[in-house]
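What follows is a set of structures for review.
Each of the two complexes below includes chain A, the first together with chain B, the second together with chain C.
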Partner chain A sequence: MPDDTLGRPFGVPARREPVLPNGVLGMLIFVATEVMFFSGLISAFVIGKSNALGGWPPPGQPRLPVEETAFNTAALLASGVALYFANRAFKNGTPNTKRLLLLSIALGGFFVLFQGAEWVALIGEGLTLTSGQLGGFFYLLVGTHALHVVVGFIILLYTYRRLSRGDLDGFAFWPAQIFWYFVVGVWPILYWQVYL
Partner chain B sequence: MRLLRVGVTVAMLAVVWGAELAYACPACASPLEENRQAFVDTTVFLTLVPLAMMGGFVWWLRRQTRQPH
Partner chain C sequence: MAEAGTVETHGAHTHDAHHEQSFWSKYIFSTDHKMIAMQYMLTGMAMALIGGFMSYAFRMQLAFPGETVPGYGLVSQGEYNALVTNHGTIMIFWVAMPVLIAAFGNFLIPLMIGADDMVFPRINRLSFQIFLLSAIILIVSFFVPGGGFGGAWTAYPPLSSTAEYSLTPLGSTLWLVAVALEFVAFLLGGINFITTLMNARAPGMKMHDIPMVLWMIVIASILFMASVGPLIAGAVMLFMDQVVGTGFYDPGRGGDPILWQHLFWFFGHPEVYVVFLPAMGIVADIICTFSRKKLFNYKLILYTVFATAIISFFVWAHHQFVAGIDPRMANVFTITTLIISIPIAEMMFLYIATLYGGSIRLTTPMLWALAFIAEFLIGGITGIFLGASGSDIYFHDTYFVLAHFHYTFFPIAVIGFFAGITYWFPKMFGRMMNPILGKIHFWGTIVSFNCIFIPLFVLGIAGQHRRIYDYQNFPDLALAGLQDLRVFATAALLVMLAFQAIFLFNFVYSIFKGKPAGKNPWKSNTLEWTTESPPPHGNWPELPNCYRGPYEYSVPGREEDYWPQDVPPDTAAAE
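Right after this comes the complex of A and B.
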């Protein structure tokens, strides 16, 4: 059989490498839908806020803990940074990966617990889902994000388990990272819009 | 077929006229300037975000496929 210039027999198609692993592509599509979902929520909040006749935040409502949440925001951002360095260590094959991934998980867990404590305090002050526009939007936006943090936290725990067993590969680690970077990246926007 | 075309045209015109009468969007009829501005801003934002995501992905894909292995 005659060969082409690359030495392949004619009629046999060259094997094509995918530009992206399936897991990464799937996660990117999912995160794109999540971006639109959060964009819709933020847009509704911006319009609702601008429509408030008595100013924003509405008078007579509890004050949101701006400074404490700024600290919590820093913890979540640090978690994203730790995950970035965990990935670098994973690529280089250094033993730091486990420690950095654990740090990222711990900071994510701290964020969830801190936010839980914040919610308990706010509910105690009378800010509930039905107490007014502020409470409704606050629990909808921040609660939806918190749900995503919890899911991301579970994914990172699963990743850590696989890393500990020695069967973690890049194809499983990248989608987990994409989701966590999304969760970390969307939070400062929510903080800026809801708290400041 | 002709009946269908006429029906679709009438339905489309009814939607256009109906929308003007209904004032379905509360922001469109709001007297607050800040509210109208927020409506415009979020419309622009929600239009650009998916375009930027898809455009960015296509640009990245083009770059990847053009790179020699």
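Right after this comes the complex of A and C.
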């Protein structure tokens, strides 16, 4: 009987192993809430689009840069892929982890900077928060996502610091990854809805 | 934030159990779940007093229009709107939620599953701090230029989004910020509740050994987390309409005011069940203890709760039948709304079946629990008239609606709270509450509660609209007979508020001078009754094991009529 070897009296129940570690479960619940938050934003946008009287995009407004953003989308997706391979390297204990994580962080930073440049150009063309429904929804949706990218970027930097100090464990790495995958994964949907 | 982040990413916490704590770390910046529960409860009770005082001020204005209200002064039109709005907001977001979910959830979850604390104690502390900040912001919003927000607790734009309409440029923004912060606080709390219940249960406690109250609190948290996202999205848009000057809800600029109603009620209707389920769970545990019977069909109740939670996402548009939605859509939502009364009725019947044939003890908590079932039933039945889109066109925004939801929210927030606090008071403070004062308070509150709201049903059927400052300007509503009903309801409110003084006295007196309770004064089964009252820091010297379900009362062949969850089976050695 395994109970005997652990020194427990007969019939005492064993402590259960949680299906998911605390950090992972907590982050998953948080991400589920975020999914609902973005669903709210996107459905509001879809309703706003269908309400527009002059068709969508509204006439007389600057066009959104579809091709440049497609390139930027690819950069963000690549960041997610890099993080996935960083995790595999981390599990195998290969030294590539550091380089791949750094690549992922750099691509994430590039995404934000590229988007910032895009925003500056659009504001120059007269698309602002108050210029109409397109401007309002564009900055609301893309801005909310950008805020999430920045938060994810900071979390990944923190993860990198712990990795380079050598005290990163799976309990800390997994939740950070879940958040970043969410940030990466929600972007193509936004791109499809807002830009295309 | 950095601290909380580390705890979260570490995924585990170190619990330095037995050392002396300074005043600050013990009472103010505590990470102990029991202390955080107390903080939530006392903040919620203080907010309940503020919300009750508001109802006193505007009810006096309705009964005696234009006269000075003792203790408040003259109620102006703008103040009247602000009082009504914030009474609703406070009672739902700063009383029902913190007390039922946060206070009882924090106190009960670790104690009932045999854990030493929540899994993320510092996120828990952060949750309360954000909640406290939100409460302070809400109170501050009353004292800024322009006064508090007066656009109703549902905050429909364009009244809420345009300062020229609401006349409260600062008040409405602060109101919105306070509500948003409150949601963040409960988001953090909800993550904690769900994770703790899933991962930190005592050895041997299986899914179906969890006390029903914990299931209901956690399902309510799940419901809250799943529904709050769209509302936060809507709130961000409303905030930008107010502050930045976007036009998301402004029809003049291509926006859609109805959009807010959808986003709000997509959250707002599940929210009813978010506060309803914890109260229902508290009642489940109390009726089992005091009828000395097993909960009738535990699994059926559990699955019914899941069904309720899921259906509650498909009923929201029944708040918008007169907002110009498509009548075909109104039909669909009528059907879903009537369907959701089935699981609720089922739970009621299962509770009554639990009572049937039990040896019922009419203690104070049991009286509250029985009153909950009876009063909520009235709220549920009147809801059927409102859920049907045809009759709702007549009843919409009348006092019938108002009386209906007070018959749901009062049992939830007030009766549910009193049931829970009188039941777990011995565990929280180690002393018993005075049963005679408790029963006087019970009867005084219940009788006067019905005297307040039954006249309001009548007024609503007579066509009295909500949110009107003075009915004397409407010839068909200024009739003396109707005014008499208003005065009667207000008088009943005064009686009810006066009876709360008895509770407050009993509460404070019993904390210091009550009869010592011992570990298990009610002879109950669940794990929280196996530790000291009040439980020490760390809850148990040695964490308990769990051997059976929570409701093994009156088991044949046992000397005692209860069988605590942590007692090993007699036949363990024969295994």
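Here is the rule we use: the second predicted complex is superposed on the first by the 187 of 196 C-alpha atoms of A that agree within 3 Å, B and C clash if a C-alpha of one lies under 4 Å from a C-alpha of the other, contacts with A are read in each partner's own complex, and residues count from 1 in each chain.
Quick note on the criterion: a residue touches a chain if its C-beta (ideal position, glycine included) is under 8 Å from a C-beta of that chain, and two chains touch if they have at least 3 such contacts.
Quick caveat: nothing in here was measured; it's all calculated off a predicted structure.
Following the overlay on chain A, a clash is recorded for the pair chain B and chain C.
Residue contacts after overlaying the shared chain place A:Phe71 against neither chain B nor chain C.
By the touch criterion defined above, A:Val46 reaches chain B but does not reach chain C. Set against each other, chain B and chain C differ in how many residues of chain A they touch, and the higher count belongs to C.
In the superposed model, A:Phe30 makes contact with chain C only, not with chain B. By the touch criterion stated above, A:Trp192 is placed in contact with neither chain B nor chain C.
Within chain A, the residues touching chain B in one complex and chain C in the other are 19, 32, 35-36, 39-40, 43, 47, 51. Across the complex, chain C meets chain A through its residues 5, 8-12, 119-120, 123, 187, 190-192, 194-195, 198-199, 201, 203-204, 225-234, 236-237, 240, 244-248, 253-256, 259, 262-263, 266, 545-547, 568-569, 572-573, 575.
Looking at the complex, you find that chain A touches chain B at residues 17, 19, 28, 32, 35-36, 39-40, 43, 46-47, 49-51. Residue ranges on chain B touching chain A, taken from their complex, read 26-27, 30, 32, 34-35, 37-39, 41-42, 45-46, 49-50, 53, 57, 61, 64-65, 69.
Residues of chain A touching chain C in their complex: 9-16, 18-27, 29-30, 32-41, 43-44, 47-48, 51-53, 58, 129-130, 132-133, 136-137, 140, 144, 158, 171-172, 175-176.
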